[in-house]
Amino acid sequence: MNILETKQLTKRFGGLVAVNEVSMHVEEGEIVGLIGPNGAGKTTLLNAIAGLNPPTSGRVFLAGKETTGLPPDRMCRLGLSRTFQIPNPFPKMTVLETVNCATIFGNRKGAVSDVAAHSRKMLAFVEFPMPADTVSEQLNTVQLKRLDLARALASKPRLLFLDEVASGLSEGELTDIMAVIRKIRESGVTILMVEHIMQLIMNLCDRLVCIQFGTKIAEGPTQEVARDPKVTEAYLGAEADQCTAE
Amino acid sequence: MRRRFWTVIVAGILSIGLAAAPAAAVDKTLKVGVLGPFTGPSAKNGAEFKASVEMAMEKIDYKIGDYKIELVWIDSQSDPAKATSAYAEAVERMGIECAMQNWHSSVAVAAMDVAAQYKVPHWFGFGATEVVNEKWKADPEKYSYWGGKGWPIPAKMAVGYVECLDNAIEKGTWKPENKKVGIYGEDTDWGRSLGGALKQMFADKGWEIVSEDYFPITQTDFYPLLSKYKTAGVSVLAGTSTAAPTMTAFVKQAGEVGLKSVIIADGLGWMGDWYKMAGPASNGVLDMIPQLTTPEAKKWAEDIQAKYGFNPSPSAGGLCYDGTNMFIKILKRTLEKYGELNKENIHKIFVEEIHTGQLTFSKADGALIMNEYRYNADSVPDPVVGKDAYYFPVIQYTDGKGAIVYPDDWKEKDFEAKK
Amino acid sequence: MSDRFIRWCRSAAGVTILLSILLAVIATIDRGPYILVNTAITGGMLALVAVGLALLLGVMNVASFVHGEYFMIGTLVAYYVFTPLQNFLNTNPSPLLAMVAPLIAILAAAVAGAAAGALTEIMVFAPMRRRSRENWVMNSFLLTVGLAVLLINGHLLIFGADFKGIVRYWAGAPVTIMDVFISRDRLFAFLLSIIVILAFWVFMKTTRTGRAIRAVSQDETGSLMVGINLSAILIFTMALGCSLAAVAGASLLFLYPSYPTVGLEALYMAWFIVILVGLGNIIGALTGGFMVALLKVLTVEYIGSGWDFVVPTALIILVLIFKPSGIFGSEVRGVLDQ
Amino acid sequence: MNAFDKLLRQLNLTPAGVLGLAVLAVLPFIPPFNQEYLIRWLIAAALIAAGAIAFDFTAGFINIVNFGFYAILGLGGYTSAILSVNVGLTPWIGVFIGAAAAGVLGFLTGLLTLRLRGIFAAVMAWFVGLALMGLATKMVWLTRGPLGLRTPRLFDTASNIPYYYLILLLMLVTYIICSRVVASKVGIAFKAIGQNMDAAKTSGINPTYYRIINFTLSCTLAGLLGGFYAHYYGILTPDIMHTSKTVEVLAVAYIGGRGSLWGGAAIAFPFILAMELVRSGLSNLPGLNLILYGLLLILVMIYYPGGFAKFFDAYIRHPKNRALNYFLNGASVRT
């Protein structure tokens, strides 16, 4: 069953078409990777689906029900969570309060009887390394990413968007995060991840969707898409640019 | 869990409280509060008040009998709420026994209650508008502490303008194209009160009121408004503002847009230095202000100029000076009649001698501006208005100098229409 | 060409501009050409103040509450420079000096405004930027609130609450255009605003510094990478923005005498404009100056004096309900918090 | 935990806070504070303190500076005053209708600023305030405009003491309402949308709903205070809606410490009294007190944006001494 399906999803900013008629789907239980060069419109696509930046045209279906243009808080309660590329939770709140937020407001009323216990369980699940009363502005990027993950999981999602969850991690941390992501999948959560790190994509993803200039250029099983000449070309072209910029 | 911390407050309050301990009263000293807008938009008037009161007090060397006068300046800041706080503070901390002066009507309305609350007799508060009289008349006994106003309601005064213009038409010195009037004014109690009075009077005499505009007291851009008047072709523009920049800007810009109407700018002359800002556009403008006619009055203005460096206006500084001197007379009378200067006795004089018309202050007593300041049971809290008493002649300006054009028996020159 | 024009006409900006022009034309036919003249002259000066404010928003990301006080500084400096010159002229008439005296006063105000702006950046914003950039927009806004209170009351304390004004800069009979009398001062103020705006335009488009300022407004980090001296640019921008306000104040001294709170109206109007057209949109601010001026003139004409504050405010609130980012759209990053 | 501690916890007070309130309560009888003019100052301070709490409820939590705060407060005052002057309604009922009117406007302002963020919303609220002040000035037939509306007073006495206790009570009620809301789940939502709108939305928080709740409540409380203002000073002019009044409360709230609620209230009393002293002591230097105001606000914003409350939390809040700790924090219960 498709947990997520988009039909001709388009997002325009003024004259710029950031996402152009993208139709794709995610099946329940999968890990799907959304790949593409920088500026291809991956995050915009996620935002359009999740309601942060509603699409200009096209339709979105979550678990078979149309959810086009619903606000993100509704989407959250319908079972869609996301993490952020630059994790920015609530800087003045403690770690526990941050997760509590999603536990309280992301679940239906009464669905969680002991809020704190649930939040602590989520922190333990992502193997959060710091005490729960740490104020989150004191955390480093790696810890913030874990916190954001715990926050996203606290609303008991059916589908989870991970936006570059592994960028900037060391080799060892990468292995850890892969283990956590697998654990998430095993707990029954479907995952759509935007990622650049090939190691992660090849190891985790069942299928890939590749977009360039807002348009889908390939979709299919991981190995197949990875070998697709259009994808290679898109990456090589872009990578050359990237090297000069950085 | 939320928490509070209050010890800092306590420490702070205690230290402040100690500093604010009341000053001990000294024998045979009479503390007199002077209420005025010493800061804020009307600070210019405040400065005139201060100079005039000081001049009057220096003349008697701050002494009445064996009493020494000590002045306490109460800054109204042109804000009723702040004025009442400052007033109450002056009564309690400084221990004033009586007070005088005041500028705004809104402040007067609020300060009247404070005077009544502490039973402090207050003399010669300006703040002319009806709202003060209405309040006073609602409880004359309570507000008898607001002894007598320094300025009657505009309706009693402003009729002179209409009479002056009708007089000129009758005599043929002025032939207006139509009988259309535009009423304008600052959007304050004063502006609306005078504007309303003018409107009524012009209408009563058969003039057509074309428009009525009230603008914020700080507005200085009148080009759109004046252009409108010009198109409407009004013969007379009548109104007022108490703020120097507003009034002068209005007059100046009326000249610039080429308006041919007769302009009544009530209060233009209140600002001592108005001509510096209004310039020659003020030629032909009508105003109603008392004049410095006598040699004493002219000398007084020179003294102020020499000592304080500004040219005082008869209607702010001059009236204030007279009011202060009248208050000195009241204090002397109190001392003479009761042998002691305190709240109760001064108030008794208010009720027994001022409000009955027994005690007055006239040119013979040294009044500079009016012939006589006189109150009676019918007029209070206003002074009696009349040519022999409190009266403003209508004047017309030429090159910054005003000449009386009405009433006829006072006039220095004929009314001249703008060419 | 025509296709693009039609699309522009149907955009929010196009609709508002066309509507404004239409309104102006109707009102002019109805009441007379003075409506146009008044709008143009008021609009020029409003645009000057608003452009400065928009510049600070766009480049420094500072929502300034203190901008009116630089207007006030302009009036103050011009007064204290011009009055002695005029007193000197009264005793020693000299046609040449009479010609340049106003220019000296306005120039002095421009310099003083620039200096005040630069000092503000160095003493207030730079320390704050160094300490923390968290919640910058709101914190810097509150900082300017404090600064405004400080400057207004500093004026009161040092120079008193008197109204320090002049009759006029230039003597001579008013000029007549389309049957409307315009005093020389107003005409000059209008011309000056147009010249300053043009000069500003050319400066931003052609000079290296101007381009650097625009680069910073687009992308601060990026401009650092291409070797722009960021702190110098920030100081310069602040000085420029404040100087524009001071020039406006100085050239309007004949209309707005200097007193502590003289800048409030300029501030309100500048904010009206900037919000109406979209935060930080400099070209929009130019157009908006004239639109708000028109709104004011029409309100006085048709509704009554004193309402020229209420009616534009209400209209702007209405516009923003339907187009929260302003009619020209916002070009600025960060102002919308994230 | 004994009953006293339980009650304190219910009210979000600490023993130190209770002591502070007790001191304030007996203050009018301790020289030199038994003089009416000082009680007037205390009333002014308590009004600002209460205002700062209601203001901080918005500024410190959902991070929107309500620049029209005093305009809305004025609306409450005017509503109540007009009802009592024109209809003859007793102010004791009028103030609540005034508060409701202010609440409705707060609701509408909340709606209006919904799609705007941060500074945009602040400026929008400012414009609403300016428009409101303009209306109060121009609708002379209703408000008497700058002529000033004379209002009946709440108590038929010349003494200020009943007013003092009333405003103290209002301040306490404001604090308890605000702090209880903030400590509840709703408060967590406030903080979340104030700190990171996107993260809050994706955590399932509906920002519309909570922002409107916040605005409505804060403005209702402001309206109530406006009613007090109207029926205490006895005269109401459109100046009450002026931005500079909002700036006064804003300065106190921020110097006291944003997001703490109590900070502004605690700082208001010494601060306002000190300012009044400077003003009346150095009356030949007008504006000096306000210069200090501005300077302090600037220094706090640059060097200590957390204000007094943050300073207190960092250095004073957790002393080693247990008794002192109890005094400052109350009976602690760690969960």
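As written, the chains take the letters A, B, C and D, and residue 1 is the first residue of each chain.
Note that a residue touches a chain if its C-beta (ideal position, glycine included) is under 8 Å from a C-beta of that chain, and two chains touch if they have at least 3 such contacts.
The structure displayed is predicted, hence computed values, not measured ones.
Taken together, subunit A and subunit C share the touching chains D.
Ranked by separation of Cα centres from subunit D, the top chain is A. Between the chain pairs B-D and A-D, more C-beta pairs are in contact across B-D. One simple way to say how far apart two chains are is to compare their mean CA positions; for subunit B and subunit D this gives 37 Å.
Look at where the CA atoms of subunit A average out and do the same for subunit D: the two points lie 42 Å apart. If you average the Cα atoms of subunit C and of subunit D, the two centres end up 34 Å apart. Remark: subunit A and subunit B have CA centroids separated by 73 Å (rounded to whole angstrom).
Multi-chain contact residues of subunit C (touching two or more other chains): 156, 161, 306, 309.
Of all residues in subunit D, those touching 2 or more other chains are 137-138, 196, 198, 286-287, listed in ascending order. Residue positions 91 of subunit A are each in touch with at least two other chains. Against subunit B, in their complex, subunit D makes its touches with residues 9, 12-14, 16-17, 19-21, 23-24, 27, 30-33, 35-38, 40-41, 44, 137-138, 140, 145-148, 150, 158, 179, 182-183, 233-235, 237, 239, 261-262, 265-267, 269-270, 273-274, 276-277, 280, 283, 286-287, 312, 316-317, 328-330, 332-333.
Listing the residues of subunit D that touch subunit C in their complex gives 63, 65, 112, 115-120, 122-124, 126-128, 130-131, 134-135, 137-138, 196-198, 244, 247, 250-251, 254, 285-288, 290-291, 293-298, 301-303, 305.
Only residues 31-32, 34-35, 38, 41-42, 156, 160-163, 165-168, 174, 180-183, 186, 255-257, 259, 261-262, 264-265, 296-297, 300-301, 304-306, 308-309 of subunit C touch subunit B when the two sit together in their complex.
Remark: subunit C residues 63, 124, 127-128, 131-132, 135, 137-139, 141-143, 145-154, 156-157, 161, 260, 268, 271-272, 275, 279, 306-307, 309-310, 313-314, 316-317, 320-321, 324, 335-338 touch subunit D in the complex. Interface of subunit B with subunit D (complex): residues 1-13, 16-22, 38-39, 43, 73, 75, 79-81, 84-86, 88-93, 105-106, 109-110, 113, 116-117, 129, 131, 135, 187-189, 192-193, 216-217.
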